[in-house]
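Okay, here's the structure, questions in a sec.
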Amino acid sequence: MDSNELKRLLEGVATGEISVERSLERLKHLPFEDLGFANVDHHRELRQGYPEVIFGQGKSIGQIERIMVALLDRGNNVLVTRLAEEQALALCARFPNACHHQDARCITVEQRPIEIVGRGTVLVISAGTSDIPVAAEAVVTARIMGNQVEQLFDVGVAGIHRLLARRELLQTATVLVVVAGMEGALPSVVGGLVDRPVIAVPTSVGYGASFGGIAALLGMLNSCASGVTVVNIDNGFGAGYAASLINRAS
Amino acid sequence: MDSNELKRLLEGVATGEISVERSLERLKHLPFEDLGFANVDHHRELRQGYPEVIFGQGKSIGQIERIMVALLDRGNNVLVTRLAEEQALALCARFPNACHHQDARCITVEQRPIEIVGRGTVLVISAGTSDIPVAAEAVVTARIMGNQVEQLFDVGVAGIHRLLARRELLQTATVLVVVAGMEGALPSVVGGLVDRPVIAVPTSVGYGASFGGIAALLGMLNSCASGVTVVNIDNGFGAGYAASLINRAS
Amino acid sequence: MDSNELKRLLEGVATGEISVERSLERLKHLPFEDLGFANVDHHRELRQGYPEVIFGQGKSIGQIERIMVALLDRGNNVLVTRLAEEQALALCARFPNACHHQDARCITVEQRPIEIVGRGTVLVISAGTSDIPVAAEAVVTARIMGNQVEQLFDVGVAGIHRLLARRELLQTATVLVVVAGMEGALPSVVGGLVDRPVIAVPTSVGYGASFGGIAALLGMLNSCASGVTVVNIDNGFGAGYAASLINRAS
Amino acid sequence: MDSNELKRLLEGVATGEISVERSLERLKHLPFEDLGFANVDHHRELRQGYPEVIFGQGKSIGQIERIMVALLDRGNNVLVTRLAEEQALALCARFPNACHHQDARCITVEQRPIEIVGRGTVLVISAGTSDIPVAAEAVVTARIMGNQVEQLFDVGVAGIHRLLARRELLQTATVLVVVAGMEGALPSVVGGLVDRPVIAVPTSVGYGASFGGIAALLGMLNSCASGVTVVNIDNGFGAGYAASLINRAS
Amino acid sequence: MDSNELKRLLEGVATGEISVERSLERLKHLPFEDLGFANVDHHRELRQGYPEVIFGQGKSIGQIERIMVALLDRGNNVLVTRLAEEQALALCARFPNACHHQDARCITVEQRPIEIVGRGTVLVISAGTSDIPVAAEAVVTARIMGNQVEQLFDVGVAGIHRLLARRELLQTATVLVVVAGMEGALPSVVGGLVDRPVIAVPTSVGYGASFGGIAALLGMLNSCASGVTVVNIDNGFGAGYAASLINRAS
Amino acid sequence: MDSNELKRLLEGVATGEISVERSLERLKHLPFEDLGFANVDHHRELRQGYPEVIFGQGKSIGQIERIMVALLDRGNNVLVTRLAEEQALALCARFPNACHHQDARCITVEQRPIEIVGRGTVLVISAGTSDIPVAAEAVVTARIMGNQVEQLFDVGVAGIHRLLARRELLQTATVLVVVAGMEGALPSVVGGLVDRPVIAVPTSVGYGASFGGIAALLGMLNSCASGVTVVNIDNGFGAGYAASLINRAS
Amino acid sequence: MDSNELKRLLEGVATGEISVERSLERLKHLPFEDLGFANVDHHRELRQGYPEVIFGQGKSIGQIERIMVALLDRGNNVLVTRLAEEQALALCARFPNACHHQDARCITVEQRPIEIVGRGTVLVISAGTSDIPVAAEAVVTARIMGNQVEQLFDVGVAGIHRLLARRELLQTATVLVVVAGMEGALPSVVGGLVDRPVIAVPTSVGYGASFGGIAALLGMLNSCASGVTVVNIDNGFGAGYAASLINRAS
Amino acid sequence: MDSNELKRLLEGVATGEISVERSLERLKHLPFEDLGFANVDHHRELRQGYPEVIFGQGKSIGQIERIMVALLDRGNNVLVTRLAEEQALALCARFPNACHHQDARCITVEQRPIEIVGRGTVLVISAGTSDIPVAAEAVVTARIMGNQVEQLFDVGVAGIHRLLARRELLQTATVLVVVAGMEGALPSVVGGLVDRPVIAVPTSVGYGASFGGIAALLGMLNSCASGVTVVNIDNGFGAGYAASLINRAS
């Protein structure tokens, strides 16, 4: 039952064609999901400015292409994450206005200008150069969701002066995304320097007892700094998305 | 908005007091959960014969007592699981018609006779004597949910003839619950002997590399016998409950 | 010793050719497995309608072909699971009446019509599109075992309205197979909506802290909904098989 | 060296009492931490309204008492978390104006009124009754940090209608804290219903394969809903703290 | 059906009272377990000299007492393992001829002299003094099963000269049980010095990353010395039992 | 210093060429390993009949070839394990008298006849067809070490009658090697049927929660049957070697 | 055979009383451990100044007392680690010259003055106040082994300025022991500030996903700072001991 | 702000061009890292003789080349670790004075002679031939950092005489690096033979329950020998680096 059907039912009640009892019966068993579209619509309005997102990994180029076409038809911007080099190149050939973010392994198609909807700056920090793909994914995600984004890469805790030297930059951010592999200690240090929400992203960078990012993940979950929350290993997109929600919240 | 309110709204439409548009608007945003009670009611009817269940562990005697009183007032039978000896005794003192199933660490209060609603027999098998508390919990649960229940205890795989000697009993069951700790091999053997659903229950019985039931759990998940499904470690209640659903399904 | 030998022995006793003592001696040491074939036969009868199943993974095309020929000679239908694309194509070339279920990575050969022996409907639900291969394996398995099967794909918990919109479909099933990767939360939600047995299948879909399906597996084992049982990670076949046993049980 | 010393040094340079070279030498080796107090002071100002927090677990009553006295002397409000019943009672006897939050296992001393500094509402949701201590800790923390806090308890995914019925409440929050044990599925469902930051708190509630909260933790890290970040097992304080930072961020 | 019934049946066939067909029918369905007792008897004979064994942990004193009485009535010797001090004392009070092996946490009752049935010597070696309870359990087990047993304690690898000094003793054993906690390296060193079967027993001795014996267990499973096999953590009984089987095998 | 040097030293003492003090000094610091060759020789004698063994995995064909030449020059038989197909073929081309055991992924070169030195029969049992490579490695190892070897493959616990049908074969073995993947339950069942040492070999056969053999390994370590010891995952060689030591022990 | 016997043997050779052959024979089988005492003695000399150490945990007061008496008789100083309060008090009552290090859970008996044998200073740093017992154990160990020891406690990474403020102290140490629980990030930061060996000690301080110190342990093993090595969880003694060896090495 | 700027500022104060207040203001907010270069310089001086190090794994040949050029321009020696064969060959073609350490998977460029700055000898020991790449990485690292390095390979604990035969070599080292896979027992044995710091390096050599080096790692962390510290799995570089710091410390 959609909005039109519902209107017809009520008109029937208004005209007496349908008794109160019968309409009550129908409405009682009305599947809420059909009414639900109202919520969905309202939802959609709130979401203006959000890109449509496709998780590229494990999908064929053909599949991604079809989904992109469908999404672009709705008029929104599109973000495709976790693309292998060859996937990205093939898609860029197909969508000439696509932008390939090589370090972030993403492509974006911006068919309407990105409107800045975030209140402040999202600062994305990474510990090592190997963490950059994940950090860059967070940057691309936060940008296309309408945020002012700054980045500060290669400031791992083993050379703490590199981070301390940028302390003022840290203070200017509304929300910080901190990306680190190996021992994952950077979010604790950053969390101790700022009074803003810190989203920690463990990466699978490391070897041996890093266990594909478990060491960094556990380190971040046990952070002695308050205000640090954590996302899944290598989940730069998730961190950028959560940072956007935080930066936008009004 | 409950059923009465909905009726008043529709009567207003019928009398013209409320316009179609305005009622449409209200109904569009009608929280489905209020209509939802119809489903809930229907649900409840289907559930006739099911006991109310309280997970006793971690609750004070006073808390359990209050919940029991509330549930008994609805007229249903009540099952309280995972009770320490002293909890059980205190509750039995308070509810004289309660039955204490010492081996199963449960009490039941049956204020109306249990109606057999299962189609066949639930057979609960356990490997060792230490697994009996979990197996007994499954037995008590399946019984109070309206099933014919048989039990076959202490037939572990290290003495396979004990199990084989009861092969006919195995064949008569509609669904089997198989409880085992240590290496948890019994469900595989049973699953190879019958063509019925087998619910495997790993127990925390063991020491050292049993890791509190992980060895048995993994063994059961990797069963080479088809038709074996698994519940959580020591979850006799869950197995008895699932067996009841299977036995009742029509 | 087979049935004929046993008969000859008894005839020898009847005619006095063999003394009671000597026959007693022989029978005492009679290997039960030879008598056991009676059970096996009975077993086989019960199993009518079950397909022969081959686990394709790790077998060469030649090996699978030889096993298929042998099984088909018994007159039964055949199901081969876990086939790589190239294995499946080679086998289809060899067995022209084979049907290739590409999404399920299976082939089936139905040399006699599938007789519906299940009492009701098996409903297979999957959370995400990446879970479809496992879900499809469950569908193919349940179908060839003689069940009416319905499927409901891509209804993950992050968009709960998609699932709620199909609540009536959920209510019509006799047994539900629920397939999910990542956090594996769907079986809990489904289990709370129905009063039927739910078989949960964790998949290895995910990355990082999904640990190849461990996150989903643990989630399902700890389901707060009663009546949920679990099979091994990615074990769509096992879930379809168990669902068939449940649906058939009389 | 503090600000005054630095001033005296520069005055010496200005008057020629100290040569440029000598002052250069001193400044080169100037411990930055002493200049750093400027930041620290600024920090403190930003932190106005934050309570002083003591982690009570593993400390003796005497130790906590001494720390409380010291902190109260600074004029701030004080929060003590993770207190056993007897610790809490002893401290309340000693500090008559302390408030004992029994369910949250905390005490607070509010020697100046809490000023609301958060922009919106922090909504704390919990799945089961056993999760309440952790949820209540988040509530107490967010409240004393100057937030409007709402709570919605016992709305686990196995009875999804309880949550859906409060969908409007969900929509009104600026940030949500979602607390769940066992399979930890609630944050995924909540995250799919709102467009706000969700902080997921796994609890150690459960048994067997919940492994002291690992199952819930992994479930939350693998959430299929975007915008969900995670804190340590049972870390209600951390979630309340992070929610406050998010709610306050300007 | 026991031996007598079988004889009666065959006599009926011999006399013609029972037809061949009817007896064939009965025998076909003859439960093998009843014929099986022949094997069992034969089994028992082989087992002469084996003690009856009770796993004491988790059993009440009353339960152990009842089982002991039952077992002693069969005329065999009895071994009770994993007894707490108070259990052992209570049982010794009840069974005056019981021998309490305090270091091994066992009691034995030897109502007939132990006959040496092993071909050579079982040598039990332990790494540290804390491993002695497990090693002593192996000693007591091997002794009561009829073996000549030697012991060599406190010869851990950190002081390798202690072990090397006893190299001749090592060479005289038929089978060696090597007990070690912490890194569990001793079996590798011993295995490299002898050409006899080595049974490695990891113990839960250690702290931190010993994880209750996992470190020692993994070390032993990965032994670079050939001929080393492993039993469960702290399973001195199992090692003593397996050593007895090896020493006895003819 | 070897035996000759030592002799020369003593002769120098005897002739007075070397003072007692100086020889004492030299002998005090005499590296014992040089004296040790006496033990080594003795060792070697004991080892007569043992093959030289090369672990092929991770070595180049050239490396293996060089080691083989060196070992063959000592006159012993040679066993090379864990060879990929192409490694094996290349080595067989180089050593025409080599025998390629394809299922066991081994080659052997027998330049002198294998003398049977074991007292009885080693029986190697495997659960599934996928476990055969590991079982075959155990067979080849035990054979070339001078044992009578029997094999019994594909008798997994899900079809327990296949195993029970061969019960007499089980009874004839002096030592049993039992190979199984998935839940690894077969050693427990076999261990309950025989009174001989059972060496359990977990295999990495399985998927999902088999975790590369961990499930089978844990199952075997927790075996409820006494007399079962365990080797590393997929370590067929180690099991065959240990079985040989047990079978030979005198 | 000790040094005197060896001398007598050689004198016999010199005088011709013992033939070269016979002495050769005796020396060939000379147990190396008897020659070995030379090394042992030399060893002992090197060890001058090392305390005798007793691991107190799991030992009775009587056992510790007996070992202490024996060790004190050799004239050395004694260190007893991991003592419960009541153990320590009882031992202090028995040994009036014992010193109870309450925070380190140790007692020491210094019957001869500690001679400083280390070349520089050992600096022991701890992250939080809960880590102090482990850090203090390292301090006590390093002191009694003859080192100048400095300590710097409560300088965790969440307040990095506390550590940076003491940078000069860090630079003065020859070797640093860094103790931390929770995320264990401190050694990485310290390791980045100094060019000296850093021994990292993870502690079991934390809760939830700290898993008894695993998080800290993994963090330290994956440290991005070079020159960091790690000891077992809570192993303050081991770190102090290794630091002493490093500080003393000449 | 660098040293020159700081001088100009102070000169301005001296000449009165800049007021005390203004310079105070500037200095208060002076980023400490700019003053910090003094420390950095001092640091650098200490570091004379240290090579620049590049972690090659995961970097493209082009990236490594660019970094090498940049580092070589500073005049230092360069070490590149974890290079695949093809990476190494390509870089050697580009840098003709590069030295390819094939077994260590490293290349070095020594543009100035290595000055021996270590006080004694670093001894690198490995258990098996498969551990050589990791051991060789430690050797190359320690050499280029200015140490006398000895190596002792293939002396695993299963043939303990090989190690004992070289006991004198062990005694001559100032610091020992001990590399082992499988059960990782070698560091315990070595640690018991010497009174020097031992750095243990677990390797990923092994299969099955070695779990990629976890078994060796745990074994080393639980070493019963005092003075053993541990680095990450396969971290030969880290061990060589830490050994250098220890050997150099004055």
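Order of writing sets the labels: A, B, C, D, E, F, G and H. Residues in every chain begin at 1.
Methods note: a contact is a pair of C-beta atoms (placed from the backbone, for glycine too) under 8 Å apart; a residue touches a chain by one contact, two chains touch by 3 or more.
In this text the structure is predicted, and so the values were computed from the model without any measurement.
The set of chains in contact with subunit A as well as subunit D comprises B, C, G, H. Using mean Cα coordinates as chain centres, the one most removed from subunit G is C. The two copies, subunit C and subunit F, are related by a rotation of 90°, based on C-alpha atoms and rounded to the nearest 5. Mean C-alpha positions place subunit C and subunit D at a centre distance of 50 Å.
Centres computed as Cα averages put subunit C at a distance of 40 Å from subunit E.
Between the CA-based centres of subunit E and subunit F the separation comes to 25 Å, rounded to the whole angstrom.
The set of subunit E residues that touch two or more partner chains comprises 32, 36, 164, 167, 208-210, 214, 217, 221-222, 226, 232-233. If you check each pair of chains against the touch rule, the ones that pass are A-B, A-C, A-D, A-G, A-H, B-C, B-D, B-E, B-F, C-D, C-E, C-F, D-G, D-H, E-F, E-G, E-H, F-G, F-H, G-H. Residue ranges on subunit G touching subunit D, taken from their complex, read 130, 161, 164-165, 167-168, 207-210. Taken together, the subunit D residues at the contact with subunit A in this complex read 32, 39, 43, 46-47, 53, 119-120, 167, 174-175, 195-197, 199, 217, 221-222, 226-233, 237-239, 241-242, 245-247, 249-250.
Taken in their complex, subunit E has these residues touching subunit C: 3, 6-7, 10-11, 13-14, 16, 19-20, 23-24, 27-30, 32, 35-36, 38.
Interface residues of subunit D facing subunit C in the complex, by the touch rule stated above, are 127-128, 156-160, 164, 182-185, 188-189, 191-193, 206, 208-211, 214-216, 218-226. Against subunit A, in their complex, subunit H makes its touches with residues 31-34, 36, 40, 57-58, 202, 204, 212-214, 217, 232-235.
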